[in-house]
Amino acid sequence: MASKAKIGVLGASGYTGAELVRLLLTHPRVEIALLTADRRANQEMREVFPQFSPYALPRLTAMADVDWLAAGLDLVFCALPHATTQKVVKLILGQVPAVKIVDLSADFRLADVAAYARWYGHEHHAPEIQGQAVYGLVEVYRRDIKRAHLVANPGCYTTCAQLPLLPLLKAKAIDPDEIVIDAKSGMTGAGRSAKEEMIFSEVSEGFHAYGVGHHRHMAELDQEFSRAAGRAVTVTFTPHLVPMNRGILATIYVRGRRGRGAEDLHALIAKAYAREPFVHVLPFRQVPQTRHVRGSNMTFVGVAPDRIDGRAIIVSALDNLTKGASGQAIQNMNLMLGFPETTGLNQAPLFP
Amino acid sequence: MASKAKIGVLGASGYTGAELVRLLLTHPRVEIALLTADRRANQEMREVFPQFSPYALPRLTAMADVDWLAAGLDLVFCALPHATTQKVVKLILGQVPAVKIVDLSADFRLADVAAYARWYGHEHHAPEIQGQAVYGLVEVYRRDIKRAHLVANPGCYTTCAQLPLLPLLKAKAIDPDEIVIDAKSGMTGAGRSAKEEMIFSEVSEGFHAYGVGHHRHMAELDQEFSRAAGRAVTVTFTPHLVPMNRGILATIYVRGRRGRGAEDLHALIAKAYAREPFVHVLPFRQVPQTRHVRGSNMTFVGVAPDRIDGRAIIVSALDNLTKGASGQAIQNMNLMLGFPETTGLNQAPLFP
Amino acid sequence: MASKAKIGVLGASGYTGAELVRLLLTHPRVEIALLTADRRANQEMREVFPQFSPYALPRLTAMADVDWLAAGLDLVFCALPHATTQKVVKLILGQVPAVKIVDLSADFRLADVAAYARWYGHEHHAPEIQGQAVYGLVEVYRRDIKRAHLVANPGCYTTCAQLPLLPLLKAKAIDPDEIVIDAKSGMTGAGRSAKEEMIFSEVSEGFHAYGVGHHRHMAELDQEFSRAAGRAVTVTFTPHLVPMNRGILATIYVRGRRGRGAEDLHALIAKAYAREPFVHVLPFRQVPQTRHVRGSNMTFVGVAPDRIDGRAIIVSALDNLTKGASGQAIQNMNLMLGFPETTGLNQAPLFP
Amino acid sequence: MASKAKIGVLGASGYTGAELVRLLLTHPRVEIALLTADRRANQEMREVFPQFSPYALPRLTAMADVDWLAAGLDLVFCALPHATTQKVVKLILGQVPAVKIVDLSADFRLADVAAYARWYGHEHHAPEIQGQAVYGLVEVYRRDIKRAHLVANPGCYTTCAQLPLLPLLKAKAIDPDEIVIDAKSGMTGAGRSAKEEMIFSEVSEGFHAYGVGHHRHMAELDQEFSRAAGRAVTVTFTPHLVPMNRGILATIYVRGRRGRGAEDLHALIAKAYAREPFVHVLPFRQVPQTRHVRGSNMTFVGVAPDRIDGRAIIVSALDNLTKGASGQAIQNMNLMLGFPETTGLNQAPLFP
């Protein structure tokens, strides 16, 4: 085997950063060469994430202290908060244009910088770079990703909703004006910041919706659903928080077009993913549970008929930190660096 | 104060039985005179539910050993499994016709015995009694309940969905053919029976849907929604299980009719419950959390606009064991025995 | 009934504050006249704790804005952070000497101000008031509490450990040099402050010890155990965090003296609490679970023999927010205001 | 690489069976050739554990239907209930003497068949085989295990307690008569059987001890501690249940001998495990959390001084399904089949 690719993780003190490190540690083709975390700079990774105590890892660095040229990185994962990434990517590409980047934030997901400004309330900080960014839903954009320098890794909710819906929209098999996505996420989706509403006793033993009627993830859904359908698509989407760490489950209500019943929709989805390593379609009428994909890069999809004729209920489940973030990011990395797509991502789910 | 009413709880070894006992213990107008539990007969309640160790309670009895005449009960709660209750109620009313009964099972909820047979797969065992049963959703049938001898206490999911939707259907304010109810319940809704799928490690740290496309609660929804709307109504309904003990949250997607927006729907609901002690409508755009009604008889309802014009998202939350079962049963008892409706039900929610 | 006593709660935005409000709302002899919360001043209580949405409660006030004379309070609960309370109590008593105070912090628990300085790292801010403070473990100091103006409400861990051990130490029935207390607490014991180590994903699905070998609660244990034993007692004490909201369980390892076996120890504890309303001793060999006292003011105690001759294992359980904090505080209030001790504290535990 | 070793898993429908399958699926030197589960015979593994849906695995077989000769297995894991294994192992070794066996039950852990009969209440069913069994605590018996045909995989609690204590007992560094082990386990340690006390609502949001004063794991501790100390050792041991899936944490109270302080004990343990791949000793005064070893084969050990002079508090943590059961079983398999010991066990912990 040739020498290993040198990888950097920016924002290694957050959950998606830790998940990247977890997966990269057993990836046979890479070495972790750089870890940054501004607020925890100069600490060891084990102080921030004790699970890594037995491992030799680079000390956490402040972004400002990185010498990008000397670092000689092949690829960088950006697991930074939204809005800061645009500037960081611009800076890095200015210094080391050859480095490849997988960005886990939302900063480069919207191709239309005007849409970005509308949803995020400020101008895009790197519009000139946006054009190079490829949207990293591998099952759809695999070919582009292989050639990309900058990949915008999709959001967790949106990956979970897109995977089952895109084949149906492309096939014009469902009414694009009657899609309701009721999504539920574990708490790691909210990150690791210390906010009152995130402390254990505010979250355990209860359930609630948030961002009702308006949530930034909608912009990403609008873009991809509209591309797939070939016309503007606006869906109803409500996120909820489940007292669990990992997992997203989307319950999706659709109406078939031109007499397509639930079984037809199931067949379409099953066919679309027949050869995909990370999308598994359950037998008709079976629906997935988030716990059965925990810690793996798998998405499970199920389809059942509604009792109302012509309607179907689709349920998809993934681990928001893995296929919903860091696992998919490594899937992108594998393509960008020319490795087999599943390298380092073959862990079976951890259940129970 | 006159002497206390004598109360029996049939099926006291289940969770709704325990919740009845919890609430009755501090109810100033009643005494617990009989507790039955066939499989735990002759045990003390503290052996079955150690939280009652400090309390003097009747020993658990087998149903077959009860002398109904000698017991001299004023009211009996049936917290028995579905399907056995019809026979039990028939037996009791045959021996002591004056006793009042609140049944927490589904056995007397469907006025149409043919519908019952269709949904439950067997003939109704007491069709001659069904006609006397009053559906116990207090906020709707208060007047009938006061005069009833037999009250069919509503289901937990259905109470949570009916309270916000009934005023809208009555006012013909929403399209009755486009209602999607995505409901999430804590585990006590599944009862206390020992099944593999209910053990801790199968339930914690995960989320899933069940009964997708077909669930018996639909029959109850059909009946009440159709009554309210004055025409046949069939809704889409999906239940899910949340890794928590108590609580139901229903996220309900509706489309306003005749230009009614979310704010109009909110106003209709708020007006309908302005004087109700156990339904609290939050300010427009705010949505409830299950944890904030835990252990209380309250239902919290919120309404927010969807980003799709003309659509609204309604969220309601209650404690499935209290307003969703035993609290509502005591609310019914209070009416049937002539007590003030809120007697014994004034506990504030237990949060955190 | 005479007019209701006017009660203030200082620090109403924390969990012990909310628990006081929960219990006071159904207490028949008091009215909540003042709620303070500096960081949430001028907000409604429902904004801070939505479970109180249906209740009329005073708006939250900043401490500095309270006019103590005009407020005309009969009793004040201080649920403020440690170290600030000494100054606050001094200020209040300076302005309204007749007001009675129950302090839920540790600020007045140590009779010896030198010990306070040693454990807390700073001089006591109100040493002249310390002498008036009565330690509020009702089962031990009931008589003094009735006459007290200032009661220092015991800590949650220490209440759980003291109740079973004090009768044994007083009777010289156990070796005071061989006591090991392994204590486990739910997360509400850590309060409501937003710290990284308290967020859901850092706490759920795991278990850990903290403060190993050194924890401030030890000072309170030392004081009360030494008083009871009539000699200096130093115990081994390790606190742990359980992924649950409420509850403390202490597993206590002791060695009987002069041939006292576990059964003798059980008899001593059972006799000591035979008439106590809030301490329930289980039958010999049975041990309690925290869930069976949830939301109630009860402490459950069990004793079992160790397999090593002469040693016993004692297990006690209480709800850290109720008997471990706010419930015990109201028990103290009842005594101080001349109400029956159990008034407003008769809720049965909430299980499941 | 030579052809892969053929592996059987008996009892594949339980949690340790599933954990074996999870780990074996990515083990490069083996193939899963046989899965048995009597009650689920003829079902697919995905029906019993949906997380394996994407994998090709043998159909579940009844034990009675296995043709041991034809199966040609190299090694069999027995993950069967206690007491049935002795007969099964006898049967298998009778038919295919060359097959190697790792037994995860307690059936072959006690070298003394009389002690077995005393603790388990019945005669040993295969005393003639017991003598061949090697106790599979790899860090202690590595040399014997390499030559063994039958390995008795240690218990989860006992592994967690033995790893830190054995080096101290061997060095006579602690008083063997004053050891208190307060252990806490996640729910998967109780297996997958459907019992009322294991359902979610009986376990979540609470904490309790069980088997107080008497627990079968003590026999295993007695045997190994006595071997290490060179004299009879009897410890105090109390197990507790934590509302979490995976993890065991043992808080161990010891007294140093001959002036050995906590720091000396820490040094002894650290030295003993300096080269062990699966035991990590934290810096002095730091203690581990179960969540930081989740899903990995690591044991983390910490030592802190008690405030009582001469006493120390040791905390060790492992994942009961991995190092506490199936991971350690595979570690044993690696040695028995001549693979590098860490093969297939290099997954980093899954946190959060």
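The letters A, B, C and D name the chains in turn, as written, and every chain counts its residues from 1.
We take it that a contact is a pair of C-beta atoms (placed from the backbone, for glycine too) under 8 Å apart; a residue touches a chain by one contact, two chains touch by 3 or more.
Just so it is clear, the model here is predicted, and its values are computed rather than measured.
> Between B-D and A-B, which chain pair is linked by the larger number of C-beta contacts?
Per the contact counts, A-B leads.
> Using mean Cα positions as chain centres, tell me which chain lies farthest from chain D.
B
> So the centre of each chain is just the mean of its C-alpha atoms; given that, what is the distance between chain B and chain C in Å?
36
> State, to the nearest whole Å, the distance from the C-alpha centre of chain B to the C-alpha centre of chain D.
Chain centroid spacing, chain B to chain D, equals 46 Å.
> Find the geometric centre of each of chain A and chain B from their Cα atoms only, then give the gap between the two centres in Å, rounded to an integer.
40
> Of all the residues in chain A, which ones touch at least 2 other chains?
Each of 15, 186, 188, 201-202, 204-205, 243-246, 288-289, 291-292, 294, 351-352 in chain A touches at least two other chains.
> Which stretch or stretches of chain C touch chain B in the complex?
15, 18, 21-22, 25-26, 49-55, 188, 204-205, 245-246, 280, 282, 288-289, 291-296, 298, 300, 321, 346-352
> Which chain D residues qualify as touching chain B in the complex?
Residues 15, 187-188, 192-196, 198-205, 243-245 of chain D touch chain B in their complex.
> Contact residues on chain A for chain B in the complex?
For chain A paired with chain B, touching residues are 180, 182, 184, 186, 201-202, 204-210, 212-214, 218, 234, 236, 238, 240, 242-247, 249, 251, 253, 262, 285, 287-292, 294, 302, 304-308, 311, 313, 315, 317, 351-352.
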